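The chains carry the letters A, B, C, D, E, F, G, H, I, J, K and L, assigned in the order they are written, with residues numbered from 1 in each.
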């Protein structure tokens, strides 16, 4: 290991079904512009309610990725 | 938008199967007495163990709803 | 002072102009149903953006009031 | 256990003598209007000073109770 | 609502006059490079002092915006 | 109830599929050496990314168990 | 820059009108006894209610100042 | 002092009467298996309610002890 | 009420017997040099262990007092 | 000072030798793409262990820089 | 990766010279009884003062290690 | 031990070279006016950047000292 540097970016994934799906949605979108993703940290879990029912989950997460030299 | 006011109430939903089911259980119960629910925030996730196995999830969440004038 | 008991309720006031106005809006609405309000604590300050501009402030606050015997 | 839902309410008990007494004072008052109380969590301990001496303790606590179906 | 993904960016607005002005300054500057801004969260309020007086407010805020597909 | 004492231990469960599975994995492993497990508290949710996709969830949790006399 | 040392003091400013005014009130009072004030950090925003209305804001802030050699 | 190393363990003491008694109960139990205890830190204070009354306090605490070489 | 300013000072009271006694000890000592004390906030509760027993409580608290003009 | 706006970015520097070296490594890498860096805040210190020894430090830090008009 | 489970233990390393040395001291001691150590997280940095000078650093850290099946 | 009372003061030490040096700088300066210093707690680590390089560390720390009777 030689002095890697990582960057963290914060995104919010959403899903009508589950926390896991919301996280995967966020990762799939981030993968379009971010390379070398390595880990994520869930910072907050919340959601929207419509017609008195959960309409979608909102999962706030930080994604860490390697900065190339 | 004209000066809405919201109120937050804190509930704990439980479920033997999943975090999502526990949240939905809490929302379904809250819907009986609270109108105009708009969003929720998960504050804590914990659970009960029986016979050395997870017996149910406990999801502490705040529910925000619009206060009518 | 003889063993007072207080209760705290959590509300969110909004305003297009200022944090202070959002707080006063919340207090004015709460005053309709809550008696003997004594103090408040700002828990969170956030806001909504529309057309790339701040459309309204959202001030989350707890209001403490005396419980009558 | 079948999908219980709990609610949490936040109160502040006071007492000139002790933290325990302040908590009991809050529970006794809450018992007048809240049924099925199950647990409490101390969130904050503070107090008032008069004539350079502690005049009473203020114990902020959340009380959890079962919501009946 | 179909699986939106949001991103959060953290900025610090400053103003010699008020917290609100500092927030608006930050949003105006962010609007030059960030599209589809949706909400903001105030994370920290601080300020600089010069000649023993408040010279400007510093408002640290996270701005959330929609990521286009 | 007579003066029980509990101990808390902190473990991290992992799973390629879900948060719930990660938690159950941790409990199953802990059950091999810890007796009288009673409750758990989720302290942190994170995960590992490989090939730009979520490879496994990491759920940090504290497990509480009764200390026998 | 040669090894400066700063000290932080915690004060609470009050004002019937605004958060900014409460902060300025605190700084003006602190300036009477503290020299070389450099920055401040808002730690808490709360307020007092009288006759069901906001009577004054209370802004808890830490003030940093240079310690002379 | 020559490079001591300490370990922290987390326990929960209970008592029907007081926070202090709960803490002492935890320490007495820990003393059966842990040597060289040096300090403790209270992390959480909560309790159980039965028949609408406080039935016992639960004091979560970390105990620090010296690791022998 | 006319623009009062308060100052907060942080002290640690100790006592072999109770949290309350530790707090009172701190207040009694502070009263020797601080005038116009108004309130206190408990920030941390910890303690020292000797001979495998609690030897004294340590209660970290902030004391607020009015700054005279 | 005229209404500056700053942006914060979050990076993780690593080093086999020290926290300071890890921070400098992160700053040196960030300097390649970020202009006008002004300050940093350490958010988290952690590290990796290999062969039962510390193999490298990981220092999570936010870097603040001036946004040009 | 197949469903690993990790455990975290909390230790405090000390050193008269540096934070890094205190961390290494803790890891060296832990290595005597804990196998498969993988990472650590610094939770708190503090120290002891004697004769008005820093006598030793105290670094509180959690160590994560793989639980063997 | 007989009812000692301690006071905590908050200072910020700076150094171009290391966190340890910044802490020692703060302690050396504090020793000029504070007697009976006993311990310190690091509350925040940050720093200033000039010419795209770390120019000095800023270590915020609380120092605890015994209050004489």
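To be clear about the criterion, a residue touches a chain if its C-beta (ideal position, glycine included) is under 8 Å from a C-beta of that chain, and two chains touch if they have at least 3 such contacts.
Predicted, not measured: the structure shown is a model, and the values here were computed from it.
Steps from chain D to chain F, minimised over paths through touching chains, total 2. Taking the definition of touch as given, a chain qualifies here only if it contacts chain H and chain I alike; those chains are D.
Taken over every residue number at the interface, the positions common to chain I and chain L amount to under half, indicating a different-residue contact. Comparing mean CA positions across the assembly, the chain most remote from chain H is E. Separating the centre of chain E from that of chain J, both taken as means of CA atoms, is a distance of 21 Å. For this pair, chain E with chain H, the centres built from the Cα atoms lie 44 Å apart. Those residues of chain G in touch with two or more other chains are numbered 9-10, 18-19, 48. Pairwise, the chains that touch each other are A-B, A-E, A-F, A-J, B-C, B-D, B-F, C-D, C-E, C-G, D-H, D-I, E-G, E-J, F-H, F-K, G-I, G-L, H-I, H-K, I-L, J-K, J-L, K-L. Of all residues in chain L, only 18-20, 23-24, 27, 31, 35, 37-42, 63 touch chain K in the complex they form. Those residues of chain L that touch chain G in the shared complex are 9-16, 25-26, 29-30, 48, 55-56, 60. Chain A contributes residues 1, 3-10, 62, 64, 67, 69 to its touches with chain J in the complex.
The residues of chain D lying in touch with chain I in their complex are 17-19, 44-49, 52-54, 57.
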